[in-house]
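Next up, some structures in structure tokens.
One chain, subunit A, appears in both complexes that follow, with subunit B as partner in the first and subunit C in the second.
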Partner chain A sequence: MAEVELDCMGEACPVPLIKAEKALEKMAIGDILIVQIDHSCAMKNVPEWARKEGHNVELDEVDDGEWEVVIEKMK
Partner chain B sequence: MDIRKNEFYKSWFKDAWPYVTGAVLLSAFQIITFATTGNPWGVSGTLAYWGAWIFELVGGSVDTWYYFSSEGAQRTLDAGFLQHGGTMQNLGIIIGALFASLAACQFKIKKLKTVRQVVAAVLGGLLMGYGARIGFGCNIGALYSGISSLSLSGWVFGIFLFAGAYVGSKLLVKFFM
Partner chain C sequence: MRDSQAEGATIQRSSRTRAKKKKKNQLPQTALLLAAVAVVGILLSRTSAVLAVFWITGTAFGFILQRSRFCFTASMRDPSLTGSTSVTRAVLIAFALTSLGFWAIKYGAHLNGQPIPGQSYVVPISLATAIGAFMFGIGMVIAGGCASGTLMRVGEGFLMQVLSLVFFIIGSLWGAHDFGWWKLHFVLEGKAVFLPDVFGWIGAIIVQMLIIACFFVAAKKWEDRKKEA
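Right after this comes the complex of A and B.
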């Protein structure tokens, strides 16, 4: 199982979401994608999209105004 | 007690408010704004005055500019920064946003990643600013205040706003992905 980190620091919406969509497309089921963000609306729309797609999602606040969205590809 | 674990702190300051709460508050405050000042809520018109005041500060004059030629505009310019209601509203937005991000422990000065980001931001800002003045309003003054005061112009603005956003997002994917 691969683990991929996607650096989206300093990127505003909707760039983190589109980048996460493209990155996850290339990955295999069971792989983990970690999206690093510092844009508060991506903290909402990236997990929302991934949950709607049926993946396992966890959101970690790693620092003030910085988050990691951990997505486990389920299908 | 750790305040970060407090339910009240979480729902009021940490987590984003639900869309409905935001919609109700925006509606209530824009009605109050209209009722007390006599003008619908706007944002970008004020920025044009800020530009004029800064230009005057460095010795320029906008007295002969067509945009500022009306009596009302001249009165606003003469009265100054501190007498302008729209200025106070815009400062309120900036200070309020700062307070909200500080209260949520989410304040961060973001680093610029690429020169492309800077070019896009400056170009986008100039286009939006110019468009907002040519269109007599931005998405607040022309769209939001237009529609809420039952003006057809707000809907027309909305249609073209969506068309612009569609083209803009295509360009974004092309140049930023």
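Right after this comes the complex of A and C.
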């Protein structure tokens, strides 16, 4: 079970989502993708998108204004 | 988005997790900021009551914008990017509410025989409107936010958008500087339409609401389209 970290610090809104989408495509089911973001908008739309795709999602605020979206690929 | 963490079992991940910083208690700062907002409000009201009202509504608007993550950019971008229309529908609801509110203000003034407020904002529409809107749309997606969204994220401390803000100001000033020419040569070519003149007061609000409702239903169908496939 691989775990991939994706650094999206300083990337504005749609970029983290697109990067997460690309990264997730290459991964196997059960792998975990950790998207690191500091853009409040991505904090909302990355989890929403991943959940709608049917993956397990967790959101961690690791620091003030910095989040980690943990996505477990389900399909 | 706090509730989202609560669902189901936690995901197993390796021990490389970053040490979580303890949440600081920010209540003192909040109290201080609120006091500062009040003091500025009082000082402004001494010069002009309108300024104080602007200050308070502006502050409230910024707060709501930040907490709700309301984003006009996302409302236009997400339907094609992710197929999600939740923000789009939120914007449509906002449009419906403001339409109703402005309609009530204008109709009220009309009934009382007063001059209708805000009529100077009924401006001609033409192809220039569509071209301008298209350019603005491209710009806001690249800049990562529309006007209000950029201001909000600068306030949050997102440095990249300070750059957006700088060029947003330059662009606005440039636009304002040349607007007279554009108005004379392009804007006035179009025709100004005030819906109540066309459909009557009651008809105008019904037509407006029906159009918004159609967009809402279309947005919902667009979001559900992927689930069925």
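The criterion applied here is as follows: the second predicted complex is superposed on the first by the 75 of 75 C-alpha atoms of A that agree within 3 Å, B and C clash if a C-alpha of one lies under 4 Å from a C-alpha of the other, contacts with A are read in each partner's own complex, and residues count from 1 in each chain.
The rule we apply is simple: contacts are C-beta pairs under 8 Å (C-beta built on N, C-alpha and C of every residue); 3 or more make two chains touch, one makes a residue touch a chain.
Predicted model only: the values in this text are computed from it and were never measured.
Chemist: So, A:M9: does it touch subunit B (first), subunit C (second), both, or neither?
Modeler: first
Chemist: Just subunit B (first), just subunit C (second), both, or neither: which does A:P47 touch?
Modeler: A:P47: touches subunit C, not subunit B.
Chemist: With both complexes overlaid on chain A, does A:E72 touch subunit B (first), subunit C (second), both or neither?
Modeler: Only subunit C; A:E72 stays clear of subunit B.
Chemist: Which chain makes contact with more of the residues of subunit A, subunit B or else subunit C?
Modeler: Counted on subunit A, the partner with more touching residues turns out to be C.
Chemist: Tell me which partner A:D38 touches in the superposition: subunit B (first), subunit C (second), both or neither.
Modeler: Once the two structures are laid over each other on A, A:D38 reaches both partners.
Chemist: With the two structures laid over each other on chain A, which partner does A:V62 touch: subunit B (first), subunit C (second), both, or neither?
Modeler: Only subunit C is touched by A:V62; subunit B is not.
Chemist: Across the two complexes, what residues of subunit A are contacted by subunit B and by subunit C?
Modeler: Looking at subunit A, the two contact sets intersect at 10, 14, 18, 38, 40, 44, 64-65.
Chemist: Taking the complex as given, what residues does subunit C use to touch subunit A?
Modeler: 1, 4-5, 8, 10-14, 16, 18, 20-21, 24, 66, 69, 71, 73-74, 77-78, 81-84, 86, 141, 143-145, 149, 153, 156-161, 226
Chemist: Sort out for me which residues of subunit B touch subunit A in the complex.
Modeler: Against subunit A, the touching part of subunit B is residues 16, 101, 105-108, 110-113, 117, 169, 172-173, 176-177.
Chemist: Which subunit A residues qualify as touching subunit C in the complex?
Modeler: Against subunit C, subunit A makes touches at 3, 10, 12-14, 17-18, 32, 34, 38-41, 43-45, 47-49, 51-52, 56-60, 62-65, 68, 70, 72.
Chemist: For subunit A, which residues are in contact with subunit B within the complex?
Modeler: Subunit A reaches subunit B through residues 9-11, 14-15, 18-19, 22, 38, 40, 44, 64-66.
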